[in-house]
Structure formats: C-alpha cells, structure tokens
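Presented sequentially are two complexes of chain A, the first with chain B as partner and the second with chain C.
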Partner chain A sequence: MSQFSVLLQKEWRENVRNYKIFWIPVVFILFGIMEPVINYFLPQILDSVGGLPEGAVLEIPTPTPEQILVAVTGQYQFIGMLALILAYMGTVAGERKSGTATLLYVRPLSFSAYFLSKWLMASLIALLSLWLGLLAAYYYTLLLFDTVNFADFLRFAATYSVWVVLIVSIVLAASAALPNAGMAAAVSLGSVLLMQLVDGLIGAYWSVSPLKIPVYAASWLNGRIDLVDFWISIGLVAVVIALLLIAGIWASRLNASKAKV
Partner chain B sequence: MDQPTLLLLLLPVILIQLGLMIFTLVDLMRNPKPNGPKWMWGLVIVLVNIIGPILYLVIGRRNY
Partner chain C sequence: MSLLDVKNLTKRYRRDLAVDHLSFSLQQHTATALIGPNGAGKTTALSMLAGLLKPTTGSITWDHTTGVGFLPQHPRFFPWLTALEFTEMAAKLSGVEAKKVRQQATRTLEFVGLAPALNKKTGTFSGGMKQRLGLAQAIVHQPELLLLDEPVSALDPAGRREIMNLLKSLQQDTTILYSTHILNDAEEMTDQLLFLQQGKLVEKGSLEEVKERYAEPRIRIHFQTAEDAGGFSRHMPWEAVQNGNRIDVAVTAKGPGMQEILTALTAAGDKVVGVERQTASLEDIFMKVAGGR
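What follows is the complex of A and B.
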C-alpha cells in the first residue's frame, strides 16, 4: 500500500510538471462554455456570416437547455476523447521510451501498484476536467436559456463520468500493451471511434451495451430511461474496466523488458 | 442582447484562451530544447486557436 501511495505521488508530480492538470480542464471548460454560447448566438452568427438573400426569414427553434447539455457531451465525445487520448497515450509507453521506466523497473516493483496508480491519477484528472466543464456548461445554459433540474444534471454527469473512466482505462491499457505512444493513441482512438460507429449503425438492435452509456446519460435529461437496462450496462462497463485494468497490469509486466536503457 | 453583455459573456473564453497562449509561450521561451524549431511552435501557438497551445504541450514540449 505504501508503494502505491509513493507511486501516486510520483504521478501527481508528473501531471503537475507537464501541466496536464491545467490544460485538460481548460479544454473541457472551453468547449463546455462555447456550446451554449454558440447556440445562443446562432441566429446572429448566421446573419453576420451572410450568404442569405435580403429579407430571408429563418426560423430556428430555440433548443431546450437539456439539448444544449447533450450537445456539450457530443463535443466531448470527440474533442474531449481526443484530449484525453493525447494526454495519456504515453503514460506507460512513453516512460519505457524515455528511460524513466528503468529507474522504476530495477526496483522490486509491484506492477499492479504501478499501473493502478497511473490509472487512478489519470481518471481523477479526467473526472475533474469533465465535471468542471459540465458545470461551466450548466452555468452558461442557466444564464442563456433556462434551468435544468439539478438532480437530473447530476445523474447525467455521473453517468457520463463512467464513460470517461472507460476511455481512460482503454488508453492506459493500450499504452501498456503497445510499443509506443503513437500506436497507443491510434489504437485507442480507432477503437473508440469504431465502437461509436458500430453502435450508431446497428445499436438499435440491442439496448444493453457499454457503448450506450452516453446515450443513457442523455436520457436522464429527457426523462426516458429504462433502469434495468441502465444498471445492466453499468455493470457491463464495470466488468470491461476491470478486464482492461487486469490486461494493463499484465501487459506492463510483460513489456517491462522492452524498456529502453 | 446588446454588445457589452455579449462581451461579458465571452470574457471567460477570451481570458482562458489568452491565458493558455501566454502560459504556453512563456514555457516555449524557457524551453531549452523543444521538439522542433522554436519559431514554428511560436507561430502554431499564436495562430492556431486552442488546439495550437495544446499541440505544443503534448508533442512539442519533450516531457522527458
């Protein structure tokens, strides 16, 4: 346990020194603010961009505040995921390449403490960023549109958090299993996008799937949620995350010998 | 909505962007060995919105 806390402190220091603790929240907050603002000013933006003939009347229905929040997670689905993947692609692979790993691997290291400390720190930072971003989005939606039931918002954010933890687990497992950071990023981005594509195309045929977590998060706001399906999906995600963690620990032990000296 | 309120609404966004840009530029100037020419990173940080500074922090900075 003491090894775990030492490694956790190392991760914390690393995340502060390479500024990840600052810029990941900044990305989430920026996109959280921009979505409601852009939606609010959409008529003016269309007006000033021009291209419409004189006297054209455009009726854009005002989106509901719930739709805005869902649109924010729509942004996070791509840009947020990209930020997380870029930030954490090198967590294990980069350490092997830079030689930091040799400093650790020559010691009697518990690989589960090693991998789990990385996972915990990455997840905490990702969740902090997500919550700050969503709260910013909530505040701006409140200012510009209307109130959203705060309890619903909390359920929505909590459900989406599960998805973010899943993404972090995928990136870290890929980083442990693959030889370099670039490949880890490519594989995790590819798998996340492919999963979303598959679910988008034929997802209508099943209602229980780890891929449906963002959809479930959104349905807390619409008020249409099937609780049984929801909890089964959450359980499935927990199993998948546990499997990814075991695979990550196993892969980081297996690849320890590939560390560059 | 009139112009001053609009500005007030966008102020946090502008401040965050400017802060990120200045922070990254200072880091670039003090960085002894960035991954690529310094002037190129300077242009990327200043000209590419949001993504520029982050690209520098992720790949330009050489974290090791």
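What follows is the complex of A and C.
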C-alpha cells in the first residue's frame, strides 16, 4: 500500500470522526437554502417587521432564479470560505504543534504524499459541501421561483468549484508554512478578503485573472462570457494551485523539525 | 560490530549550543543509557539521531536498511484513531509488507500489554497505556535501532517495572539507546553509559568502568551501640562519619589503607558487629559529574 493511500485513509478517518464531513456540508446547505427562501418570503418578512409609514408601498423586484444562485455564491464568499478556513487551518500546523506529527515524521515519510493526501481530502470535502449546497439552492430556487438551465447551472458550479479548490490550497499551504493554526487562519482569511477587495476595486481594468473566477462562474448564468479569457484564467488558477501545492510540500518538509517532540 | 557511529554531532540554536561535539558508537544488541540533568541536550541528541532535527555539524553513520524506532518522552497520538489503526498506520508507513501489517500490529500490541484495548480510541488512553502504545509504534516494524526518550519517567513504579521488563526482553534482538534521569533504571539495563552535561559528553564507558573511575570506596562499620561507634571514631586518626551505631570511613589514596582499618577493628574487639565495603552509586557519580564540571 503506498504511503499516499495510507495517509489518505488517515485523513478520511479524521474527517469522519471529527465530524467535518457532516458539519461543513451542513453549513453550505443551510446557506444555499437560505438565499432562495429569504428572497421568496422577503415581502412577508418586511410586513411582519413593520416600521414603514402609513400608506408607504415598498416595491421589491422579484429576483431572477439566476440572480438567486449568484447570490448564494455571495454568501459562500465569506461564510463558506470562513467555514473551510476554520476546518482546515490546523491541518499541518496543528499536527506539528500538538506533536502528533512527530510519530509520522520519524518514519521514512514522503512529504509529497503527506501534504497531497491532506489537500485531496480537504478539497473533496469542500467540493462535496459546495455541490450539496448549490444543488439544495438550485432545488429551492426551482421550487420557489423558476427553472434555471441545468447545463448552465453545472458550468456555474464547476467554475466556482475551481475557486473553492484555490481557497483550500491557500489554507493548506498557509498551514504548512506558518507556525500555528491561528496564524494560518489569519493569513488565509486575509488573502481571501484581499483578493475579493482587489477584484472589486480594480477588477474592471483586467479581464484575465485568477481573482475573476467567481465572476466567470456567475457569467455562465448571465449568458455573457468570453471563453478565451475564461480558459486563460482557469489555466492561471491551475498554475497558482500547482505552485501552492509545491510550496506546501516544501514548507511541510522544511518545518518538520519544528514538530513538538 | 558498530551499528551506529556519531561524530562531533552539534546542534546550535542561535547562541545556544544544545549539543556540543557529541561522539560515540553503539554496538549491536547493546543498551546504552544517555544520562544527564534536565536541559543537558538528551532530547535534542535523540531527535537528531531519529532524523527529526538536522544537526548543525557532525555526522551520524548507520545502516539505514535496518530501520529505526523512536519513542518521544510524551508520545502524542491522533485521538480519533484506535490503537490498532494507529499501529497499523505506523507499520505501513515504516514499510512493513501489506499482508503482514495486521498480524504484526496485533502481535506488537499484545506484546506491550494492550491486547484488551486494540479497538479503543487512543484519546481515551491513560498515561501508561500511551507509553505502551508509543513503544508499540516504535517496534512494530522490528527496527534494529530503538531510540527512547525517557521511556519510563512518566510512569508509576509498577508501570515502570513492566516497561523496563519489556525493554530488557527486546534487548536480545535490538540495539537500544535511551535517555533517563532515573538512575536505578540505568543501572538495571545498560552496557554503556553516556553522561551529557550542557550538551557535552562528559563521561562515557560501561557501568563498571565509570564506577571504577569515580570509586571512592567506603568501609561501613556497625557497632553494638552508638557509644561504641563514637568511642571508636574519636580514637581513630582518620576522618569518619558517624550515623548512630555505624561509621563510614572513606578509603582513599591518602589513607587509611585496608590493613590499617583491619588492625583498628581487631583492637575494637567484640564491639564491632559488622563490616561492609561500599562503592560509589550511580547517583553519587551523577552528582559529581553534574555538579563538578
């Protein structure tokens, strides 16, 4: 049995027995359902809250089902990413700091297998959570609003999946490089927010960027997408993910001697 | 045959020298005790030998095909894994053949006395059970070299005895290097002693050699009463320490010689009820080495 499969099995057991495989999807499903449900019941919610002057009429345009699904990713951009960061910030740094990694590092360990097994398991759980959340959002949007072209939905979800894998890669590389889980979380969260801020402020000046992936995901539903720019951006993200993986493996090996003995 | 050769092994943390030009060899199927006060560099030295720390300078030469097992002072396990799952993982990562893993892991856990806890999660283990599991993961791949950092210091006397017995039974097929500050353990299972002090190797040799080097033999004479002992020591030209009805006389190069003591004893007649020769204990030597250099 290769070291990779042994370590992947260990990661699987960890994610199951620490309930990450349950609570992360629950977070994504809840926030996936919340958007169509809140939008559907918004008039009733505002009525029940009250506070409007006598005779005032509040016109709320009904969002399109596509807008609802794009808004779901808006929720995921902060809450979803935060859940992933909190779940995986200690993946490498935590093992090192607690000393549990010592009994792994003392063996003839392949650090590529060590880091990649963690990355693959975290990515699979993140993607499972994302797809369950988006499918729940799709179902409730269909139920409460209208249908969305399913092929477009699949392209939208697949494109956003690339973004989620990028975030997972950032969290794991930070966890491998930094001395503790708290610092890894701070750097990861700071990076995610900074990327969104940069693209929000000056993203209009470029059309090709790894930061544009959530925008491209939304574009599949809006029907406006430049395929050349899209594929170049996807290629760039793939390069960035590959670089993060190399950095993560390197940092895991470099920092192994800092494991608590 | 030398299994491991360490030459000028040094670990420097900025200004601090944790290990300072440490050199020694380990012969096959011997037990070596690494002794020294807290902060002497024992854990750092063992970590370098286990490959967990990179030495600043120096060399470690040994046959890597034989494998190494390492038990840290406070082994920490993934609390959500069972003892069997953890030991199997350790075996697989150490290169044990897939078809032998289950059998070898089970047998090792039985050997360390964890048969009733095979399928219990390690998070529920007591300190003693963790130490046993730590030993199991260190030996599951049947390494030629076993490095143990304070293997019994966290255990109660009964647990210590059991683990020491396990280690003694392993000694026939394995070369063991272990650190300890429990000197009784070192006296019990050692072919070679290495004294570390502030990162430096300050004493080395077999237990007998070291004891011989530091020997300041004493003669303990027991009298019938404390008054007899006091009377004897008052009329004796040598320095003696009285404790109740007994006195200790140090036999040194400056005297007295054994002949002189025997003459004095003959003169004391039937007031003497017993005479015994005492040599320096490992604790005496430890105090001299740790305090004197």
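Here is the rule we go by: the second predicted complex is superposed on the first by the 260 of 261 C-alpha atoms of A that agree within 3 Å, B and C clash if a C-alpha of one lies under 4 Å from a C-alpha of the other, contacts with A are read in each partner's own complex, and residues count from 1 in each chain.
We take it that contacts are C-beta pairs under 8 Å (C-beta built on N, C-alpha and C of every residue); 3 or more make two chains touch, one makes a residue touch a chain.
Please read these numbers as outputs of a predicted model, since none were measured by experiment.
Colleague: Quick check on the superposed pair: does A:18 touch chain B, chain C, both, or neither? Answer first, second, both or neither.
Modeller: Both partners.
Colleague: Let me test your reading of the model: by the given contact rule, A:260 touches which partner, first (chain B), second (chain C), both or neither?
Modeller: second
Colleague: For A:29 in the superposed arrangement: first (chain B), second (chain C), both or neither?
Modeller: After superposition on chain A, A:29 lies in contact with chain B alone.
Colleague: Examine A:37 and indicate which partner it touches, taking first as chain B and second as chain C; both and neither are also allowed.
Modeller: In the superposed model, A:37 contacts chain B only, not chain C.
Colleague: For A:86, using the defined touch cut-off, is the partner it touches chain B, chain C, both, or neither? Pick first, second, both or neither.
Modeller: First partner only.
Colleague: If you stack the two complexes on chain A, which partner ends up touching A:100: first (chain B), second (chain C), both, or neither?
Modeller: In the superposition, A:100 contacts both chain B and chain C.
Colleague: Should A:193 be classified as contacting the first partner (chain B), the second (chain C), both, or neither?
Modeller: In the superposed model, A:193 contacts neither chain B nor chain C.
Colleague: Shared contact residues on chain A, chain B side and chain C side combined as an intersection?
Modeller: Common interface on chain A, chain B vs chain C: 18, 98-100.
Colleague: Flag every residue of chain A that touches chain C in the complex, lowest number first.
Modeller: Within the complex, chain A contacts chain C at residues 1, 3, 6-7, 9-10, 13-14, 17-18, 98-100, 102-109, 256-257, 259-261.
Colleague: How about chain C: which of its residues touch chain A in the complex?
Modeller: Spelled out, the residues of chain C in touch with chain A are 43, 47, 50-54, 68, 70, 72-78, 80-81, 85, 89-90, 92-95, 98, 134, 137, 149.
Colleague: Please output the residues of chain A touching chain B within their complex, sorted ascending.
Modeller: For chain A paired with chain B, touching residues are 18-19, 22-23, 26-27, 29-30, 33-34, 37, 41, 83, 86-87, 90, 94, 97-100, 140, 143-144.
Colleague: Per the contact definition, I'd like the list of chain B residues that touch chain A in the complex.
Modeller: These residues of chain B touch chain A: 6, 9-10, 12-13, 16-17, 20, 23, 27, 50, 53-54, 57-58, 61, 63-64.
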